[in-house]
Amino acid sequence: MNITAFIGSTREYSNSEMLADLVLKGIPYQNLYIKNLNIQPIHDLRHSKNGFKFIDDDYDQVIQAFLTSDIVIFTTPIYWYSMSGIMKNMVDRLSHAIRDERFPQLKEKLQTTEAIVLAVGGDDPKIKGLPMIQQFQYIFDFLKMPFTSYIIGEANRPGEITKDEHALTQATLLNKQLIARIKT
Amino acid sequence: MNITAFIGSTREYSNSEMLADLVLKGIPYQNLYIKNLNIQPIHDLRHSKNGFKFIDDDYDQVIQAFLTSDIVIFTTPIYWYSMSGIMKNMVDRLSHAIRDERFPQLKEKLQTTEAIVLAVGGDDPKIKGLPMIQQFQYIFDFLKMPFTSYIIGEANRPGEITKDEHALTQATLLNKQLIARIKT
Amino acid sequence: MNITAFIGSTREYSNSEMLADLVLKGIPYQNLYIKNLNIQPIHDLRHSKNGFKFIDDDYDQVIQAFLTSDIVIFTTPIYWYSMSGIMKNMVDRLSHAIRDERFPQLKEKLQTTEAIVLAVGGDDPKIKGLPMIQQFQYIFDFLKMPFTSYIIGEANRPGEITKDEHALTQATLLNKQLIARIKT
Amino acid sequence: MNITAFIGSTREYSNSEMLADLVLKGIPYQNLYIKNLNIQPIHDLRHSKNGFKFIDDDYDQVIQAFLTSDIVIFTTPIYWYSMSGIMKNMVDRLSHAIRDERFPQLKEKLQTTEAIVLAVGGDDPKIKGLPMIQQFQYIFDFLKMPFTSYIIGEANRPGEITKDEHALTQATLLNKQLIARIKT
């Protein structure tokens, strides 16, 4: 089972990344640090005569992660009540990617790629993060990706996620469930 | 009355921009095209010893727009059920801006800066765009900016917004109300 | 074209009912005043051996309205950020109705019954009423009913809806659109 | 510490009630079964000359529960993506109760009454139940009640909640936290 965690934070070892580590403890996986990738914003050319133009940046790494993973984990701090801007730019580019002739298999592949969301915020995230969860649902619905679980953690200062017992408990359970699936 | 429309689209004369034009017909205002600005993503250093570092890009133009406008209009296509990534990066940077010592007056100024949202989407936006509206509400609540109105339009192909009678009607009414306020 | 407005208010000539009147001006329709009907709450017996039991109340009038209408309009005050309790009880009973052997055609009929929502609230309804709209969407999705439009009005005191220009404008437009459809 | 669980189900020993039992295991509390109470729907007379009229039903039991509890637990099945109609009628009547001259202390008392929501649904409740959570938040915000936690469980058939490990884990943790608070 291949797993990729897209890391949407701009901090070193952010609270959301720590949460992903807990969920994936003892499980082989790769992190893709969005902040380290050069990802251009989408240029919406869906309706222009020649369609999208080739963009020479690191986005192919994102596409490869989607193509080779059984599970992708959108790991993001909650900035201003939704995913970070760098993760949003990554998501926006999917409009181009699913039309990219170089990856004709992407659209179908996504339909069996399981999505998990791990998000950590500081301002009442278990309430104010809910519209973001609804948006992820719409995104995964559109792509027909199965959205199997999400965890919202609360933290402000670096490392503070370790005090959110509810998030930790859910992360531990999700970890146990993933390990059980790997073994079978 | 100074008005700035932040334009979050990546298309030339996008449907959302056309909606802003209607809302602001006959009213002096400036457009700020986010796609033409060099805006770095936030680097979240709220909790690092030295705080945020100076970023040498075009974001000061955004701050100046906030400082000099009575009304700011967040004009955005709905990409993947929320504001465009380039607008999200602009919003994310507010975390830095409201702590920027060069603009000590920004935080207070925002509390009297009226916010309007104009958003146009193609996939059932009047339902699936609602989480985005809730997020804008949380953003403006946090900043204590009065959020006075929003219009969600439906369109896919360039120019198609002109067929959304409900959005046009609301734009026309909002235009009338703004003109009435200018005159008094 | 048969139209039924379900009136969920408990006031005489409520703001929400006034809004329905505007939307339906010059169009034949019937009002069904939920407050005047004896509607028992659902008794959830989906999983009991004998299924639902016949309930001797006025709910058949609701079912008949669904069976004979091309458009149904859920007209409700926003009480505590969602539809009124009496309307909710009416909706809850649909779980029974769509399994009622006396009305085998109901479930299929609903799939061509257009739904409209008109809601009026006093506490920032254009924001705080949005979760209710999302719930109506889920309800209509489940029943496969086309959900064609909604209007949220703001009013507190009796009659105050007449001051909400945005709601009035949308009601007038919807009225025009309905009349155009009747004529063709 | 006094705790009341408002039980909004219409089934015997429903999944949501089972969840409440787990959360409250080993803790003294009372259940208030809404289905066993005679609660009239609100008659909205806020704006009539004489205000609300005395209603001779069982609602005083609800008010007494609020007045004597440190924590109230809204325990509800998710019917049509929100709380059950009988619970909604109970909530609607708060508009009357907080204006009832017989209970002048109610409004202030609520501001120190902690609210917890336990909800169980069958149709993707961890996504489609989120608008309901947002509504509870608005309700508790209006009443200034601290909203300290919620658990959404998934279950259809009677007893099925015991298979939702995520809900059980959260219930166990919440139980532990409540017991710890009682001891101190």
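Order of writing sets the labels: A, B, C and D. Residues in every chain begin at 1.
FYI, contacts are C-beta pairs under 8 Å (C-beta built on N, C-alpha and C of every residue); 3 or more make two chains touch, one makes a residue touch a chain.
Keep in mind it's a predicted model, so treat the numbers as computed, not measured.
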Intersection of the contact lists for chain C and chain D: none
Option in A-B, A-D or B-C whose residue-number contact pairs overlap C-D by over half: A-B
Copy pair chain A, chain D: interface residue numbering same or different (half cut): same
Distance between the centres, which are taken as Cα means, of chain C and chain A, whole angstrom: 38
Length of the line joining the C-alpha centres of chain A and chain D, rounded to whole Å: 34
Separation of chain A from chain B, taking each centre as the mean of its C-alpha atoms, in whole Å: 25
Multi-partner residues of chain D (at least 2 other chains): 130, 134
Residues of chain C touching chain D in the complex: 9-11, 35, 41-44, 47, 77, 79-86, 88-92, 94-95, 123, 128, 130-132, 134-135, 138-139, 142, 156-158
Contacting residues of chain B [partner chain C, same complex]: 126-127, 130, 133-134, 137, 147, 149-150, 165-166, 169-170, 173, 177
